[in-house]
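Alright, structures below, take your time with them.
In what follows, chain A forms one complex with chain B and a second complex with chain C.
Up next is the complex of A and B:
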């Protein structure tokens, strides 16, 4: 059952199922993304969490931030943990052993981009292919933040990370970010979407659609990382706005593997360099010898936006 | 409701079918599995039972063994009976999750059909996979033939799910020699088997939403040690439950199991300690030697490998003069596991028999009657001399010049 999207006053008076008491960095977007998911439904929740920032900051014994059933196994297998629990739910339902068979239960897995794009990719692919009824949410901060800022296959080209540091002869990460949304849509998942916490109404709408969808759902959530993107911790939403308004991080959804809908069109599209300029990880790109990369990134963003619009129009 | 299967008083099953039938009778709620030789027929058998309506649990066909055990952990934490089957490389891939399963005290049962580990790649039976899992915090039980594979699989669920245990259990059998050899097996009826195991008892299930639980929390130097100590204590204490379940099984079937099995040990001067199908071969060889060569030979086997049956080993081997410990796993630069553990145990006892170590049967190499007799004759020399006159570690059944270490 979906809840009404709350206004600020309602927010201030309602209980969170994800407690505010956790160890995430001040300014971390993870908590916004996660809290909205837990608060957007009254259904019972089973949550699986990959190893990563969210996990190490919310379940340090003897404390827990989760007022929901929660499990963490390892870095790679949050999808499998959630789908194993979902299989048990189906088995017990079939055998008439559920305590409250009429109340819906939703299965949700959270993983960072390292857990999703890299080490847990095979597990995620398997879980989606098998058609389990669950929602996987990738907290995409484009870096292995929990282990100290190493590149992942989600790290954008040009970003300085601890394993691709910008230096005398290097502009940082040399590889393009993997298009995880297209890959997951290609699995034929009934619902795939990209969200950002600064556009929280869009995010919550997609969450509610995801939970109402029968079958596997994949959501890629942009999570601005104050520590590794290197911006002041009180500017998370502003940086996120620059990401969505420059279309570096476009918001859209894909139904049944092909039907693409853009869900946010910025009134004023801003240049990619404005987004890059506020983050320490891209600082070196503004050196004369690297500036050509900013132009190339702008071209890539333009081409992707063009493609999304064409796909939306053509319904393919 | 799943259909019942009418079984004969005596069935002709191989070890894999014995596993599959016991898993069917246990009415498992979730099996998550991935195929690997030689355990594949266990999973095939289970799949066929499902397709024919004899199983009403969920069967999750995952994309790797790591995912198989991960799915088992998720399912077991949700709250229900869970099992899987694997071998060799698949087991190696699961190792990370084996530790997580035992750390979360989840009563998962793993049917492990023992096979060598690559490289070189080898599909045949040895105990490399079993040995790889020995520090994972699981209860480890070994079956020496198909009947025992069936019996111990049924008992595995009852032991794992006991409220004072709540630890995962792996039941081992030898790849091919046991898993693919048809033998007479006397099964229980479906009703009797399920009644023996009993209904699954929930402990902190994730699907109880009145009491949300956090599984797999983090602990650092403040709490990790206490958790691991408590887990070790639970594993050590499980021995009394294992013995109780063995006793209940004996009352039901007249089939007797002990944490340490001994054969012809009453007056034995020399003994082989072994695991798996080699135990029956060694018993045969020992009886031959008693009859034809007058060697008072006996055989001892650790039915339960973890928790290690320390007292029982000390008691069973207290009167022998010489012992050969047979390890079917490449020792990796040291003495074999059985050598190390048996020797350490007897060092605390009153008698100090001469003990040596044989590495044998790697990658499915046959252990012949003559090989075993040669070992008995070897250690008879040690017994007569009252000291080690043979090399400490030898490779039995190896082609080429004799190989020995720690001389």
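Up next is the complex of A and C:
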């Protein structure tokens, strides 16, 4: 049974299952995303967590911040642990050895972008291919933030990171961001979506749909990182607003691998330049010799938005 | 429960969140729960703060924006009403102040050592919209 959430006031009566006093940076969007997942359902949850910021900061001995069954697993196999638990649950249910077989249990795996895009990718691909009933949530902060800001394959072009520093000869990361949503959708997963923390209602709706869907679900959640994106800690929501309104991070969902729906259309589309301007990792792009990159990025974003709209119209 | 040193902990340690195995925590409010000592609810990160948010009941419209966007579960909200700030868990990031929609804001940042009553007495006036 999923919880019915009509408005924010009603949502605020939820009893939190993600406790404070974890050690994530002040203003980290990870905990906003995780809190909303735990608040949007009343079902029991089994959570597997890949190594990353979320894992190291929420279970530092002697404290845990999770009021749900939670396991820390290696960098690559959060999806494997969640699907293994799910297979076990099914087997016990079939044998009639569960105490309370009617009570629904949901299986969720969390991973950062490093654990999802790079290290855990083949495990995730296998888990989705096997068709287990679980939800994988990627907390996409576009960098290996936990280990000091190395580039991952989610890092956008032009971003300065510790392994792709911008300077006299380089403009930062030279590779484009991998389109993980399209990759997961082409696995034929029944539900794939993108969410951002500033659109809480859209996020809750997608989470509830994801948990209700039978079969593997992949959700890519944008998580603004105050430390590595280099903006003040109180601007997390504003930066997320800029990302969704400039269409750098469009919000959409794909059902059954092909039916694409855009869930958020910004009223005023703002230029990509405004989004880049608030972040320290892009400040070198505003030098004269790098300005052409901003125009190129704007073109890429426009082309992507065009493509999404066409796909939505055609329904393929 | 005694806390162990790092070399005394067994590999594959389990940290219980509650004193007893509990399945109905969704129905229990935080203050009614039987937290174990290993739950981070019992810990405090108050020493992280340089600035603290102060809550003004008079201008609050209970929109709950601060509750939904607080990363640290530090906004206490009961029965659709904003109650206050949990100063044990607040890290002073300032997101709640930024998302507060009222004019004048119901939440403002003050220095950690400032007294809450003095801060409330000197609450700034409503700002006029520029035409």
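Just so it is clear, the second predicted complex is superposed on the first by the 307 of 316 C-alpha atoms of A that agree within 3 Å, B and C clash if a C-alpha of one lies under 4 Å from a C-alpha of the other, contacts with A are read in each partner's own complex, and residues count from 1 in each chain.
In this section, a contact is a pair of C-beta atoms (placed from the backbone, for glycine too) under 8 Å apart; a residue touches a chain by one contact, two chains touch by 3 or more.
Note that the structure is predicted; figures quoted are calculated from it, not measured.
**Student:** Which partner chains sit in contact with A:141 here, chain B, chain C, both or neither? Use first/second/both/neither.
**Tutor:** neither
**Student:** A:62 in the overlay: touching chain B, chain C, both, or neither? Say first, second, both or neither.
**Tutor:** Both: A:62 reaches chain B and chain C.
**Student:** In the overlay, answer first, second, both or neither for which of chain B and chain C A:91 touches.
**Tutor:** After superposition on chain A, A:91 lies in contact with chain B alone.
**Student:** Check the residue A:10 against both partner chains and state whether it touches chain B (first), chain C (second), both, or neither.
**Tutor:** second
**Student:** So, does A:44 touch the first partner chain B, the second partner chain C, both, or neither?
**Tutor:** A:44 sits against chain B and chain C alike.
**Student:** Have a look at where A:279 lands relative to chain B and chain C in the superposition and call it first, second, both or neither.
**Tutor:** Neither partner.
**Student:** Given the touch rule stated above, what does A:237 touch, chain B (first), chain C (second), both, or neither?
**Tutor:** In the superposition, A:237 touches chain C alone.
**Student:** A:73 contacts which: chain B (first), chain C (second), both, neither?
**Tutor:** first
**Student:** Would you tell me the residues on chain A in contact with chain B in one complex that are also in contact with chain C in the other?
**Tutor:** Chain A residues touching both partners: 44, 59, 61-62, 64, 66-67, 100, 103.
**Student:** Under the touch definition given earlier, write down the residues of chain A that touch chain C in their complex.
**Tutor:** Of all residues in chain A, those touching chain C are 8-13, 15-24, 26-32, 35-36, 42, 44, 58-59, 61-67, 100, 103, 197-198, 200, 226, 232-238.
**Student:** Show which residues of chain A lie in contact with chain B when the two form their complex.
**Tutor:** The touching residues are 44, 46, 48, 55-56, 59-62, 64, 66-74, 76-77, 80-85, 87-92, 94-95, 97-100, 103, 105, 122-123, 125-126, 129-130.
**Student:** Please name which positions on chain C make contact with chain A in the complex.
**Tutor:** Residue positions touching the partner: 3-4, 6, 9, 13, 15, 17-18, 23, 25-30, 33, 37-45, 48, 62-65, 67-74, 77, 79-80, 86, 88-95, 97-99.
**Student:** Which stretch or stretches of chain B touch chain A in the complex?
**Tutor:** Its residues touching chain A are 29-30, 32, 56-58, 60-64, 66-67, 70-80, 82, 96-97, 100, 206-210, 212-220, 223.
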